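Following: one structure in structure tokens, then a few remarks.
In order of appearance the chains are A, B and C, and numbering begins at 1 in each one.
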Amino acid sequence: MAEEQSNGHKWTMIVDADKCTGCQACVVACHAENNVPVSSEDEVIRGRAMHWMRIERYWEGEYPNVKARFLPVFCQQCGNAPCEPVCPVYASYHSTEENINIQVYNRCVGTRYCGNNCPYRVRIFNFWAPRFDAPLEQQLNPDVTVRSPGVMEKCTFCIQRIRRGREQANIEGRPLEDGEIIPACAQACPTDALVFGDKWDENSRVAQMVPSERQFKLLENLGTEPAVYYLKGGETHVGE
Amino acid sequence: MTHLTRRDFLKVSAAGTATAILAGCAQETERWVALEPYVRAPEEQLAGIPNWYASTCRMCPAGCGIIVRVMNGRAVKIEGNPEHPVNRGKLCARGQSGLQLLYNPDRVTGAVRQGERGSRKFEPLAWNEAINTLYEKLDAADQAVAIWTGSATSGHLCDLFARYAGAVGAPAPLRYDLTSALNSVGALAAANNALFGQATLPGYTLAQADVIFSFGADFLGAWLSATGFGVEFGQFRSQRFGKRGLLVQFEPKMSITGAKADRWVPVQPGAEALVAGALLRIIADEGFGGAERAGLAAALAGEVDLDAAAAACDVPLADLVALARAFAEAERPVAIPGGALAGASNGVAAVTAVQALNALAGSSGLGFTPALPTALAAPGWSSYAEVQALVERMSAGQVRLLLVHGANPVYDLPPGSGIADALAQVETIISFNPLVDETSALADYILPDRTYLEGWGYEVVQPAFRGLPVVSSQQPVVGPFHDVRPTGDVLLTAARGIPAAAAALPWTDEVAFIREQITALPKGASGGDDDEVRWARFQQHGGWWPEAAPESAAPELAAQGTLDVAGAAFDGEAAQYPYYLHLFPSVLLGDGRGASLPWLQGAPDPLTTVSWQTWVEINPTTAQALGVDHGDVVRVESPHGAVEVPVYVFPGIRPDTVAIPLGQGHSDLGRYARERGSHALHLVGAALDDVGANLAWSSARVRVTKLDKKQALARLESTIDPGEDIHVPF
Amino acid sequence: MLESRATIGPYWDEPLPDDEHLARQVEHGREEHLMLDARPPAELNQLTLARMRQTGPRFWIALAGLGALTLAFFIAWAIQIVSGLGITGLNRSVMWGPYIANLIYFIGIGHAGTFISAALRLMRMDFRRPIARAAETITLFGLACAALFPIIHVGRIWKLFYMLPIPNQRDLWPNFRSALFWDMMAITTYLIGSTLFMYVALIPDLAMARDHMTGWRRKLYSALSLGWRGTEGEWHRLEVVSNLLSFVIIPVMFSVHTGVSWNLSMAIQPGWHSAIFGPFFVVGALYSGVAAVILVMIIVRKTMRFGYFMREEHFNAMGIFLLILTLTWIYFYFAEWITNWYGNLPLEKAVQAMLTGPLAPLFYLMLFCNIVVPLGTLWSRRVRTSLPAMLVIGILIQVGMYIERVLIVSGSLSRNELPFNWVNYTPHWPEVTVTLGTLAFLGLLYMVYTRFVPIIPVWEVYEGQAMQGSRRVGRAVMSTRTEVH
């Protein structure tokens, strides 16, 4: 589905890998905002940790010249998403208003085809019914549904915040301002490694950051046209 | 259709198929499929209107400002307060998880009495009875009362406790816990006092620094004020004209700060002072940074064996020279001491040696928290020597009543401190903690305080950022979730019966006390000409701080003479215990408080991606020599104790060092923490450092024995080695 | 010099030639070939019907055993529905496991039945006649079992109807771009087509059964045989319909397994994304399918004592067919493997490295079952006509082909673009129970079916035998066929 600039917004995230410290603030913020259940130790061991957002850590080199690189990975909101055509029931669907990829939980039958076809492996399957030991359920965000067992879920760019922001702007009869809508992860990030905005708004921060020479897209060769841009980590050299 | 031949049939089917395929490919599917996004809620459904309340985070003592989203009386999300000078709208994982303390399933839901200590059988107690009991015990104990507070104790409560103790003539309340030990507040204050005549915690301005040399301080992870430093670091990496600064991290085990460093220097534990001294020596010898800086360096640096320093860093001397040059020639260099080096036996000397580096460039990046215009001040931290004194008094039966608030001494101290035996000698122990922790399990009464999201308070922030003094406000964002009472009110009520205390604590409730303290402050950045408005603004904006930082000069070097660069001493013979033990607070669980919160347990450790567990990090070379791999359980044994933990083969650690995170190994603290992992503090002795004030918690050597056991590590990352061909995709 | 047949009489009574040598030849021919060893139709009928009604203790024991396993399967499934897919061994990277491998496998074994029947019918191969129905039946039930698996596999079985194009107020339709949808359509079409194909050929035999039965069975067969009377017009229409369906069913058959393979190859998963998968899977399906038909033939012949109908010639012919398929399959597998190996793309290499690394035991077992054993033995006629040997080979091919599917589905998934997310897969009890239980279910259905339906297409055998003749050419007797169109 081709995206047309005629209407809507092109919500975009910039991830500055140079600033990401791997501190997990975004991960916990995402759990809190999106009612993502916590996986038990056994589930993690079985490779079923549920995080809409994860920070991948890659080692480079060997002691003593070893480096650890952090790469926050979440749904890339592909413009040309591999998960969309494979879903037999249109549960994975491309929004023409936000221009992101949307997962419709109550349509999902749980074929998990989208999960297989996502090269980023950011789609999370509810293997069990989500569990919140009482009274932890008091914390659940009323703007976001708790997903039933058997459905796929994933990062939504905090669409509830996008919609709320748009509604607020509509009520006040003004256009959206840059920085008015911030997903939970970017909101929490202490180092400002995550920047969110509308790429089609020329004056937005993201629109100005995208042309950076440090910019790359994750698995760009697959042609998925992600709406998440990464800025490569730099290095200031000293010594040998 | 009577003469449908086979051939015709095939023709027709082929044509039909072709048409269908062509039609299907040529058009967007939307032509036939009407899609209505379910994410659009039905029109008649109104989203609730959230209320946002400003308050202060108490998951660690940094004093970050938070705003809490409350919908229908439920707190649903904590975010950073954008106005707050410390965290500037940002919040770490631990701060986010405060909600799970509020709604923790294992909270003590009301006042309880424990018949037999450690039985964990609690009988409910009516609050008037509980307060009466507190009064009776206070009255009976008179001067023989001891008060133990910690990171989770609000500033106002520290003040109230101190006033009470002063009034009845009891020793001043203790403020000590594992957080203060791991932050090495004692060593930092002592070093600052020696160098600059300022016995407080240091603040650093990193945003404009061009070079940061951090010695062991995981200032992006779990050290002092990580969120505030995180904000500074973000700005440090994106300075004007594309400048991104140089960060060099000296530490034996890579922390997340080390991971973000441009250069990670694996310095041998205990040799940090030597390396700092060597840097000064090189600057002095080579005349780096101009005559003034080199001269200052020469004055500070004594005789240093440069080759030994380079060897201790596992780097060539040329690299050390290059690093010294980079530091000396920088416009605004900053040196940060902290972490394990400050917990070594030479902790104060090591911190002093590193901190002295700042003086070279006029300490432009270093700052100390300015005093407030009123008498309001941050409560001081107690030293471990004071803890020892109290433990001795308790053991001697001189303490009849112990009040514990916001600390967990049984978990926070190494077993060698004798805390468990000492507690047994105390007639009555009353805990005010919200969960049954290891200390509450030994208490006779638990009179649970409100959690910080339900209660009042303030925090005088230390260290402050950019020289801005801050009193951060804490207010209830939701009604109390259980039948719990604020300890301040409980104390004020009980104290009314004790004449001396009643005179010293005349306030009707704690809010009156807080209000009095706050309204005494002058007009701050949020304005307010009269008391009423100032009090309201204090709550509304999340605290009080001046519009601009008060004028203050960069810290002047007060000390004279050369630095002490002697190495640290370690417990255990090198032959018997071949490895240094490097303990570090978990980025997520902190000093162990986080272990009761599933979000923090379930979030992966940044570097190992392990959740829910304790592990020991071992260098690949060492692991090979020991014949161990990921998930092999080993016995790590020091002269003081032993733990059994699974191995994580960690590339970023010295081969002569093994590292274990702290935070797990609770015997209490609720279902998520209990019986999970190991508490590596059991490997540490209870000895004081060289200056005789602080716990030398980073001074153990260990041996590692492979056991015939395996424990699968709960890693988020793949457990499969991708091999040589697979390249990191960036 | 040609000499026409001397006697005219009932062909099953055809006397032996006087010439002793010729007589030996004819006798030999009768021993070897079912088509030459004609029996009166009544005898054929009786032979088939008698076995249908025969249930010994062994039958009931087998039935109970298979029934118990089937029950275990349904219980496991029920538990899985109630507690969620968490009880399986699937994980965040390997979201498809043996359930999808089972789908492919069961479609595969169901594949050959109709193909043998339809293709051989079109090619006028006589050896198909006695085994056609046994083969078609395995298609029917194999496909039915296969069709269970998408249902077992999904997370929310109670919402599965979303996949059906049911007109609705919201104009919400299934996604025609999804390979899963194509697959569902193909399976449904094939299931309907195969059922029709088998049923049409069954009508005369059902009518025969009706004529020989009493009581409820007679009523049942009366209803099922749709009033077949055996008029010339009916036979003619049967002929036309059978041939037409044979033509239709073959492309559908190709579509089914191509569709299944496209579920995998349309995805951009390394190890899946390969253009060869369509034909490769079709061949693989035929391979395991023909092996399955041989297994069924052995079991049916042994348990129902159909030695008369299923002879060495049939096993020999099927064995040759199997050998051809072995070679074809090896060719495809080699082509797939060498392309990836030579291409040397890191991720494709990672998938291959895993096969020869941690999964090596399975991989080599698969190669042994699918290549070494069939290729080494099927050349020999003695092996092809030995029932025990063919039984072993048939089972090994089933095992090998099953492993191959699991390796392709779950093995590939465990290696993906970001090495951070590689997770290996180990099955847990639900997958094992459901897989074994479904095999038992297939067996159970088959067993029960053989007791209700003449598993030998009597009329086809009868027709074949009737069409045989013999000509003497010099000192030799050669059989003649008279099937013309």
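For the reader, a short list of remarks on this structure follows.
As a convention for this text, a residue touches a chain if its C-beta (ideal position, glycine included) is under 8 Å from a C-beta of that chain, and two chains touch if they have at least 3 such contacts.
Worth saying up front: this structure is predicted, and the values here are computed from it rather than measured.
When chain centres are taken as C-alpha averages, the shortest distance to the whole-protein C-alpha average belongs to A. Across the two candidate interfaces, B-C and A-C, the one carrying more C-beta contacts is A-C. If you average the CA atoms of chain A and of chain B, the two centres end up 27 Å from each other.
With centres defined as mean CA coordinates, chain C is found 66 Å away from chain B. Distance from the chain A centre to the chain C centre is 46 Å, each centre being the mean of its Cα atoms. Residue positions of chain A touching 2 or more other chains, listed in rising order: 49, 56-58, 71, 90, 107, 219.
Within chain B, the positions touching two or more other chains are listed as 33, 35, 717, 728-729. Among all residues of chain C, those that touch two or more other chains are 172-173, 175, 177, 417-418, 420-421, 423-424. Only residues 28, 30, 33, 35, 37-41, 47-48, 71-72, 74-80, 87, 89-93, 95-97, 99-100, 102-105, 220-221, 226-227, 230-231, 233-235, 237-238, 244-248, 254, 256-260, 262-266, 314-316, 318-320, 322-323, 326, 481, 587-588, 598-604, 606-607, 609, 611-613, 619-621, 651-655, 671, 676, 712-717, 728-730 of chain B touch chain A when the two sit together in their complex.
Interface residues of chain A facing chain B in the complex, by the touch rule stated above, are 1, 16-19, 21-25, 27-29, 31-33, 38-41, 44-45, 49, 51, 54-64, 66-71, 90, 93, 95, 97, 102, 104-107, 133-143, 156, 159, 163-164, 167, 184, 187-193, 216, 218-219, 230, 232, 234-240.
Residues 6, 9-10, 24, 29, 32-36, 717-720, 722-723, 725-729 of chain B touch chain C in their complex.
Across the interface of their complex, chain A is touched by residues 83-86, 88-96, 150, 153-156, 159-160, 162-163, 172-175, 177-181, 184, 263, 266-269, 413, 416-418, 420-421, 423-424 of chain C. On the chain C side of its complex with chain B, the touching residues are 170-173, 175-177, 243-244, 247-248, 346-347, 349-350, 353, 414, 417-424.
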